[in-house]
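Structures given as structure tokens follow.
Next come two complexes built around chain A: one with chain B, the other with chain C.
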Partner chain A sequence: MKKITLFLIISLFIFSTSVLAITAEEIIQHRDDNEFIKTARIESTMIINNRGRKLEKSMVSLIEGDNGLTEFINPMDRGTKFLKRDDNLWMFFPDAEDVVKLSGHMLERGMMGSDFSYKDMMESEKYLELYNFELIGEEEYQGRECYKIEATKVEGAEVSYYKRISWIDKERFIGLKEELYAESGRLLKEIVVTRTEEIQGRWYPMESTMENKLRENTSTTFIINSIEFNPEIPEGTFSLESLQ
Partner chain B sequence: MKFLLTLAGRNLFRNKMRTIVSLFAIAIAVMVVIFARGLIIGMLDSSYSLYIQYDSGHLKVIDETYDQKEKLLSLRHPVDGFEGRGVLPMVEKIESIEGINIVIPRLKFGAMASPGDEIIRMLGWGVDPDKELEFTDIKSNFVRGRMVEPNKREIVLGSGLLNKVNKSVGDTLTIVYNNSFDSFKGSTFEIVGEIDHYLPLINERLFYIPLDQAQRILIMENSATEILIKADSMNEADEIKPKIEQIINNNDKRGKYIVQTWDEANPMLKLFNVAEYIYNVIYILLIILAAVVVINTMVMIVKERTQEIGMMRALGLRSKEILTLFIIEGSFLGIVGSFFGAIFGGMLTKYLSVHGIDYTQAVEGMMEEFFMNPVLYPVYNLENVIFGFLLGSIVTALTCIIPARRAAKLEPHDALRNI
Partner chain C sequence: MFSKRILFITIVFLLIVTSPSLAYQFGGELNTGVNALFYENTNQNLIYENVNLELIFENANFEITAKNNYDYTDDNYNLDISLKKAYIRHKFKDIRLTLGKQPVSWSFGSLINTVDYNLGAETLDQETSAKYVNALELSYPINWYSSLSLVNEFNPDYDKIGFRARTLVKDYDISLNYVNKKVNNQNNSRLGLSLKGDIGSVGIYGSVLNLNNNTNNISTNAYMLGSDYSYILDGGYGNRLYFQGEYHMIENNEGIFEVLNSLGGIVFSSEEQLMNMFNSDYLKILLGNVSYNINDFSSIGVFSITSLDDGSTALIPNYSNQLSSNTSLNINLSYLSGQEDDFFGSGQLLPKAVLNVELSYIF
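On to the complex of A and B.
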């Protein structure tokens, strides 16, 4: 009888842990469900602190899958537009006659002088397709229980950062902090989410601050003033003609 | 004395081959000195002139912090005039100082063009077009079109850069850049001129736009990144510097500006200065090397003519006269050798000062770093030829004293012992 009881206890334990244990991929899948955007209209502000100087840039973005169109609306940059189509980025400037295509190293530069690179802003694939994930621990961060997950680039995938370590809220499945590393192991950037909100049933980071660790005394805070998921986007929005 | 001169002449013609070899050595050394000096002066003058035109002027006024950030083309530390009242009144005020010929503002900034998938990095200069033409030799390097005009959205580029962006005069070019508020911007200009210049900076990287247009697109109204000043000559820079500093101190209490002379702005040019001294020492050493041949000839002559010297001393020739005799012989070699060296050196320098020596292949990599004309034109002038002639004659005459003294010291009985 004792043996049967012990067997039952052990079986129950094994069964319960295998049911309750969540894999790193599942955590990321949950996070992607929250943070990955299929279609959205976002009004946002970027506050750039660069060696004592503070600059504010406001923009409206339309996103649909791999495509995105951003128009700056702050007085200094009014009329400047970015068009992202797949992996390509074009810019329109009110003072220029031609549309300018950005490519290569240009995309790794800080967008409009910020700590976010153009590539950071262009990433639209689901992380699950780009990285191998490993749950490396559980930690409390900003008073919230978090999974700590290490993501290493899938061989052959084209990504800006070789490794990412993320702190993901256990309850809300939203990233609260992320460290971005080069292949050499050097910390390149750190992004900290300072405000999250539940919108249309999903948790979304509304305010985050990026620090480029390769630059001194700079940081960029990205604030989402409003976000609308799955809006109607007129046909032709993401065409080169719409830029001009 | 006439007797000594005749004797020296006869002695020199006793062994013609030996005399010719000595003359040849001196002549070659003098020729090399004249040519090398002409070449070095030509090279340094050309480099000084390029640095002054395209980098530092005779004097330069910049913001003190800009000095460390010039390479980054920072727009955060501009020259915005006295108490921020605009760069042009400041230019006019400095131009009114006696001894100053021309003062120009330049607004330098980084830009890019993106023809196709390529990124072409460029260097933009916002300039006062008329003054820029007066300040530099750029006017003679236009191969097509003309210089930009104020208040027009016009741009002038080097031939190499035009090739890279795949454009030509008459087309439009869109450049992208960060303005002074770090906003990424793009602007389109009409290409009105093409420059073909041997400096890669100008040919392959630089473009000119009117100063007012640069100020507009970079949002730097009334500002420049530097003011360049030309005096009557580069030697007057040190004298004029305190006058400019005084005017700045009297009109601007912010203490943000510094005035740099050409050699302060370019530590490289200080090295050039030192190099000039070193070269002068090298010329003297070169002549001494040739004079060693003469010393050797003279020592051999003294050795050969020991008995003869003894005889002359026994016949009443004084030691001083023996010394004079040998100095005359040595000086003759020095003067005649230097004369021919000066003639041929002068001719060679004169010829190359017109036709130049093309170093293009050899200095290709260096040209990005240094400002130099890849076709070197040695400087021909009479002063240089006379310098070579005198240096050859004097150094040879002085070195002849050693064997001449040896001959003069010979006692008649010692000299005659071997008869």
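On to the complex of A and C.
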């Protein structure tokens, strides 16, 4: 009888641990469910800090899959628009009211002088398709229990960073901090999420700061003033005509 | 006279059907600056202030410019107020119509665009005034990347129409442009083709132009090949150096005078002087632009144009600094290295160097 009880306890323990243990891929899948955008309308502000000096830029963006349309509304850049279709980037110059295709290498440039590159802002694939993941620990961060996950680039995938280490909230499945590395192992950038909100049933980072670790005392804070998931986007929005 | 009438009707229409309370964007720009011109034997200093006010409605755009120039050398004031934009726009089911004073620009990212609707050097800001014309434009988008557009300009001095077809083929932006201009008995047409895309991480572009004076049966061809590339310091993740270069070949005959308008600011006394300057069949020009972002706020760069026939060069180093979210400082120096008879020589008509310092506030 005792043997049977012991067998049942051991079986139950093995069964429960195998069911309860969550894999890195599952964590990322949950995170993607929250943070991956199929369609959205976002109003946001970017604050660029450099050694005590500050620049503020505001924009309205429409996103649908691989396509994105952003219009800047702050005075200095008012009317400047970007259209991203797959890996192609188009820019509208408001003074001449002209649309010009930007060269591919411009995608890696800091967007309007910020620490976020055009690629950072417009990388639209799910992380699961771009990286291999490993759960490397669990840590408390900002008072929240987090999974610590290391992501390494899938061979052949076109991504801005070779490796990412992420702190993901265990309860809300939202990234709270991320370190971005070069293939050499050098830390390039660090993103810290300072405000999250539950919107339409999903947790989303509303305010985050990216620090460029290769420059001293520079950072860019990205604030989402409003976000609407799955809005109705009129046909033809992501076209050269709509840039005009 | 006709163009003034069109402009007047457009303005009145704008003022009647719209009011500032309906404007969804209102803004402007204040510039103040100094131009110091250095000639062979004398100098001239100009101080200027510009005010631009822009009112953007859902289907209309209205922009007015006031320029106040003060010539420090002869104590002379000059105030000029003009309409920069005044047009209405309406989108029908398949066609977009724009009527009034509007910018017409067919750029594709080159430093000098010989296949544009109006010719002017973009990097030298020569295009700014030339791009604004009184016209009717009809645009028909075929799909997200292809469109046809037709421009009919209203000008009492000439008749001018333009047609542009633009599409994307294997990620290459391709544009076919046609312009016809009739002045008195002269009938000029320009047919141009431009292309822009990438080969790996290098941007490449090019254009071909055929200029025809149908009255005199003169045909002039111009070819251009250009490239741009970014080099990232600190092992690929630091500050960025940006390079752009262009090579132009322009056929050396009577038509060269008009094509060279695209260089802007270069003054020749006659077509003969220009044609006799070179023995070669083609005028060959090399352009270069290098810029470096010092930090998130400031950048430094050098733009150059060199005549490969006589080696003369125009050099334009520049520095810009965004002092705050609304204020920026720009410093430019233009320097002509050539002698009087050289292509990029100052002679008596142009200053040897021009220094421009400008402060801008945008609201």
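Here is the rule we use: the second predicted complex is superposed on the first by the 240 of 244 C-alpha atoms of A that agree within 3 Å, B and C clash if a C-alpha of one lies under 4 Å from a C-alpha of the other, contacts with A are read in each partner's own complex, and residues count from 1 in each chain.
We adopt the following convention: a residue touches a chain if its C-beta (ideal position, glycine included) is under 8 Å from a C-beta of that chain, and two chains touch if they have at least 3 such contacts.
Note that the coordinates shown come from a computational prediction; the quantities given were computed from them, not determined experimentally.
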*Judging by the criteria at the top, classify the pair chain B and chain C on chain A as clash or fit.*
clash
*Please work out whether A:Asp98 is in contact with chain B alone, chain C alone, both, or neither, and reply first, second, both or neither.*
both
*asked:* I'd like to know which partner A:Thr80 touches here: chain B for first, chain C for second, both or neither.
replied: first
_Most chain A residues touched (candidates chain B, chain C)_ = C
*For A:Ile48, is the partner it touches chain B (first), chain C (second), both, or none of the two (neither)?*
both
*Is A:Lys38 in contact with chain B, with chain C, with both, or with neither (first, second, both, neither)?*
neither
*Which partner does A:Met106 contact after superposing on A: first (chain B), second (chain C), both, neither?*
both
*chain B versus chain C as contact partner of A:Ala182, first or second or both or neither*: second
*Once the two structures are fitted together, what part of chain A is touched by chain B and by chain C alike?*
48, 50, 53, 55, 57, 76, 93, 95-98, 100-106, 113
*Sort out for me which residues of chain B touch chain A in the complex.*
112, 114, 116-119, 172, 174, 176, 178, 181-188, 217, 219
*Which chain A residues qualify as touching chain B in the complex?*
48, 50, 53, 55, 57, 76-77, 80, 91-93, 95-98, 100-106, 111-113
*asked:* Looking at the complex, which residues from chain A come into contact with chain C?
replied: 48, 50-51, 53-57, 73-76, 78-79, 85, 87-88, 93, 95-98, 100-106, 108-110, 113-115, 182, 184, 186, 188, 214-215, 218, 236, 238-241, 244
*asked:* With touch defined as at the start, can you tell me which chain C residues reach chain A in the complex?
replied: 25, 27, 56, 96, 102-103, 105-109, 127-128, 131, 139, 141, 143-145, 147, 166, 168, 171, 173, 196-198, 201-203, 228-230, 232, 234-238, 240, 293, 295-297, 322, 324-326, 328, 362-363
